[in-house]
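Working notes for the structure below.
The letters A, B, C and D name the chains in turn, as written, and every chain counts its residues from 1.
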Amino acid sequence: MTATGIGAAVRRKEDFRFITGKGQYTDDVTRPGETRAMFVRSPHAHAKIKSIDTAAASGMPGVLEVLTGAELASDKIGNLICGWMINSKDGTPMKMAAHPALAVGKACHVGDAVAVVVAETLAQAKDAAEKVKVDYEVLPAVIDPAKAQSAAAIHELAPNNTIYQWHLGDAKAADAAIKSAKHVTRLDIVNNRLVPNAMEPRVAIGDYDTGTQNFTLWNTTQNPHVARLVIAAFVGMAPEHKLRVIAPDVGGGFGSKIFIYPEEVVCLWASKRVGRPVKWTCDRSEAFVTDAHGRDHVTHAEMAFGDDGKITAIKVKTVANLGAYMSTFSSSVPTYLYATLLSGQYDIPAIYCEVDAVYTNTVPVDAYRGAGRPEATFVVERLVEVGARELGIDPADLRRRNFIKSFPHQTPVIMAYDAGDYNASLKKASEIADVKGFGKRKRDSARVGKLRGLGYSNYIEACGIAPSQAVGSLGAGVGLWESAEVRVNPTGSVEVLTGCHQHGQGHETTFAQVVADRLGIPIDNISIVHGDTDKVQFGMGTYGSRSGAVGISAIVKALDKVEAKAKKVAAFMLEAAEGDIEFKDGKFTVAGTDKAAAWGEVTLNAYIAHKFTGAQLEPGLKEGAFYDPTNFTFPAGCHICEVEIDPETGHTDIVGWTAVDDFGTVINPMIVEGQVHGGVAQGVGQAMLENAVYNSDGQLVSGSFMDYTMPRADDLPSLKVDMTVTKCPGNPLGIKGCGEAGAIAAPAAVINAITDAIGTEDLAMPATSQAVWAAIRRVAKMQQAAE
Amino acid sequence: MYAFTYHRPTTVRQAANLLAKHPEAKLLAGGHSLIPVMKLRLASPSAIIDMNHVEGMSGVEVKGRSVVIGAMTRHFEVAASQTLKDVMPALAGVPGSIGDPHVRHRGTIGGSIANNDPNADYPAAVLGLGATIITNKRRILADDFFTGMFSTALEPEEIITKINFPVAKKSAYQKFKHPASGFALVGVFVSKRGSDIRVAVTGAGSNGVFRVPQFEEALKKRFAPKSIEGIAVSPDGLNTDIHASAEYRAHLIGVLAKRALAAA
Amino acid sequence: MAMTMSGEQQLAAPREKVWAMLNDPAVLKSCIPGCETLDVIGENEFMAVATNRIGPVKARFKGKVRLTDLDPPNGYKISGEGDGGVAGFAKGGASVNLTDKDGGTLLSYNVEAQIGGKLAQLGQRLVNGAAKKLADDFFVRFAAAVKG
Amino acid sequence: MPVVSMTVNGKAVSADVETRTLLVQYLRENLRLTGTHVGCDTSQCGCCVIHLDGKAVKSCTTLAVQAEGCNVLTIEGLAQPDGPLHPMQEAFRENHGLQCGFCTPGMVMAAVDMVNRKGNELDEQTIRQELDGNLCRCTGYHNIVKAIAAGAKAMKGTSPSA
């Protein structure tokens, strides 16, 4: 390991601009002649739009244009789409309702965009937006996903508000196992709805060049190429080659910036109409009712146990709320990203899962950090924990008895786990968390009137999505490979163009480490270029913890080609056979001799091309690669949470957190640990604090940071993070991915710990002080009744 | 934000004259309640009268058996005042729990009391200590000052200039934070000054801060947690929101009152 | 989630008089908190403008007020819906019942209120209290009007 | 429109602004100091924290006209031009106290203010409590807490204004 190579905790190259205030986020971009957009949004969850009167608004100072769905339709701007086809059990395709960028005919959720005002200044746009008169006829709203299927349809094409009724696994086998089980654990679970809340609100700048007729979109996106593809091919804004999407520094995404949103489309379209750039900057209160939310499952789950606590089956029925429209990847989240992980870390012979996806009059729901896998882990890890308690078996012991121990392991739900050592992470985590000393700590807490609990979460995730052919067969509308281009300059410095996009993950450092390690050149001589469709040929973006496993693999593949070509150049320079050239630590040598050429000499020779003819070798040194993975990767680990609870108020303190994860090869442990910290915080947020609460009228009543509880520094403890390593056999460096692990593992660990402390499983997320207090009271009342 | 005219008086009299001249004006103290709602266009004052440059409205002074705090004294100044910590640490502790450090750098005691947010901390201290609110026109007893949610006895052109807190022999404040906003989900201030025993509650009541007579009565015998054991506060009329039911709030009042009494 | 509230006022006036006042637009105008105008636009139907202040928040609502389920002199339902522009909207109704009691009239009411838009999204901490205050204000003012 | 004059990062600046202009808008749009960010509209997130006359405040909850005659310090002015980074900036980098970087300017300004008020030896509990006004969605705060503790120590002997 060199000081900057693979495995080194290199300090981030990108940090200088961020800590000095020189980051360039989309809102920091100003285009000459820029105008500002303000959207008029529905205050009703469900309402017919009887008329829109834009006359008064159009006459306001500074107003350039007031547009509605009618103009959108007459300009033939297409609808937004969901790009992953899911078929119901009966073979019928999912019911995708039209999603115009500005509502046509009716508004389907509070915040649905109804009109847009474009004006010289933001204040003028806001002033004018207030003058747009929309006459609504309020319709009954469908809010509760559990009741959606018995309510009047929101979209005509989806009777009973049902998008699909999907299933996976073997129902008969699961039922048989449950029937013959020694014990069955049953749980009803609500996986609470979350608001992603990346700290940077979304921004879009549409800029139409009337001369070239090219469109440029500056956008807060995690995947600029996919945005371009969808806006070109489906929305029909412009041919793909006439649209450039630039995602500069992006202030966090967590999934919410994967999707193609109405505002991006409208800014591009409006820019053409007004002939000037149009910028929209989202307010936080607007973000709450427009950014895709996450989770929102209602689930009944059963786990069957045979002799010695052996898990024999798991059976799950979930209703997934997808909101008012199907967002870009929403259909895949409660299906192939969820049910396929229901085997957890365990050898379970029979698994069956049914998922009904429903429309409601709420903000669309799509992938949010973990996307389906946190929901799956929560189901499995709650069932295992509760099962252990019901069977009187130590929860760690029950897990150990059921761990998958040999690899590869084919689960009954598609996934073939390639490598792992689940016992190793449980063992290491238990030691670090001092599980042995827990009994004493619990007694110490009791002495001061506090309750103490300990909870495990042994999660698994499927990352690095995924072989294109495989996801294609599951309904994905795109392949999920990644591209890379390595451009070596004559002086030996290197630019790597990647289709991944960084919004906090530190690619500019980790990707450069891989290159530095391989080429033996200083990390400062390497630039990572991303986030601009004019620079990078194509890429799938960053989500699903895929940048390391897939994006870096593409870079490695390109580096292989660069090295091969450089060796050819070196062979000409050193007058040796190509097969005798060796490359190590930035130096080319001829085997068995002292003849050598430095990296920089070879790169210069590749470009001056004095040592070979064009017939022998093409000049230059630039190689591209597309890497399509052979499988998902399967990071896994064990998180242990310890809580102390004040029973008088229900206030819960997390007093210990241990995470031992197996991410395969780690490029930069500092960055990987940071990813775990952030993931855990979001998972703790889901478990204890965060909740998107709709009232029965469909108003989002936790619609600001005044009511939606974001985790703060004081809500979290210092985290103990460690690792075990089994390399991923599926990609060249053995990387598994780390971005979502914390968010996947944490909720179950927290709830398992709190329920351990209070002695009841009857506790929903978020386990707020009030919820914990109420649960403790229920236990006390039941005990009183029993006496 | 809607447009408004901005005024920067340097005396209370000038400020009062401006208020008289602009009926739709708002006084700007710390601004952390007012500016956010103006940004959201939920308030549209025609004029802003910035009190931050009015002289002589800031400072913490111990005068005999009273502590006098200027209306424009910022939360961090009150929290940092050594004189106050020496004579009545419970009062000094109250502003330390308001908002966050940045808010405390701007927020003022006068602004907080005049706003009378039903979840604010200072009203609990003012009522819980039986303070006197001094305005440009008169002196108002705390018991007469807070008249309901966001409403006070202040007249349209009346400006709080200082608050006079009698020094209590024993006092303490306990707060259970609203998890998202940091306001008081419930806050209880207790004090004992001779025979004057007060228990003031903020955050819990939809009409704002209120006293708990049944606790005060019980505490006359002995100012200790034990005295209020078994006395329940009724949830009737208390707030219910997504964070706490009236029942939970009623329960917390009892718990926090006992903890405050133990700390006093 | 409509907010619901209930309350009662003992009034020292006969039921008929209370009933008449409940149907008097001038009385209604003086009782609706912040009411600036209340114009008759049809039978038992009015157009109203009211400005309400809750702390620093100020919202001006325009909309219709209706009297329905009229059962003289026992009670009715008064309902209204207001468009508060950028603030959102408010809707509410109160079932009012009159019964003879202690030589006067007991007015009891059940209020249901709904708000939407920015106020609902941002004001969660305060809306229940605010709605209750406005409802109580109405009936306290009405009691005062009956008292004369 | 009133004329507003103030000192920003050591330089005197003066401009006509609408009274309704927020200080953060003035900094970002008029002065193009875009390091100060806006992350919410209810004064909760702290992305916009700057120093006003040496004290951390939320520039999204301050009118530009209120800063008349004041001394404003933003993230861009924390280190001397072409000089070394401020110790707190350096500590954030060294301790990986940032990921997406959006909350970072506000965090760093809040951290420097914390040291100005609480001194150079900050324990974990104090730092966590004092971070009440700054939200971060990426880091889980773990490394921010470490960075501030280290930055506080490293600030020993530096002038309290920066």
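Keep in mind that, in the parts below, a contact is a pair of C-beta atoms (placed from the backbone, for glycine too) under 8 Å apart; a residue touches a chain by one contact, two chains touch by 3 or more.
This is a predicted model, so every value here is computed, not measured.
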Most distant chain from chain D by Cα centroid: C
Pair exhibiting more inter-chain C-beta contacts, A-C or A-D: A-D
Centroid spacing, where centroids are CA-atom means, of chain C and chain D in whole angstrom: 48
Chain B-chain D separation of Cα centroids, rounded to whole Å: 28
Chain A: positions in contact with at least two other chains: 123, 130, 285, 701-702, 704-707, 710
Residue list for chain C, restricted to those that touch at least two other chains: 86, 118, 122, 124-125
Where chain D touches two or more other chains at once, by residue number: 18, 20, 41-42, 44, 132, 134
Set of all touching chain pairs, with the criterion as stated earlier: A-B, A-C, A-D, B-C, B-D
Complex contact set, residues of chain C against chain A: 1-2, 85-86, 88-89, 114-118, 120-122, 124-125
List of chain C residues in touch with chain B within their complex: 53-59, 86-87, 118-119, 122, 124-126, 128-130, 132-133
Complex interface listing, chain D residues touching chain B: 2, 18-20, 22, 41-44, 46, 49, 52, 55-58, 60-63, 65-66, 68, 110, 113-114, 117, 130, 132-134
Partner chain B, residues of chain A touching it in the complex: 123, 126, 130, 285, 648-649, 651, 689, 691, 693, 701-702, 705-710, 768-770, 773-774
Chain D contact footprint on chain A (complex, rising order): 11-12, 14-25, 27-28, 123, 197-201, 249-252, 254, 283-285, 503-506, 670-671, 673-674, 677-682, 704-706, 710-714, 716, 718-719, 742
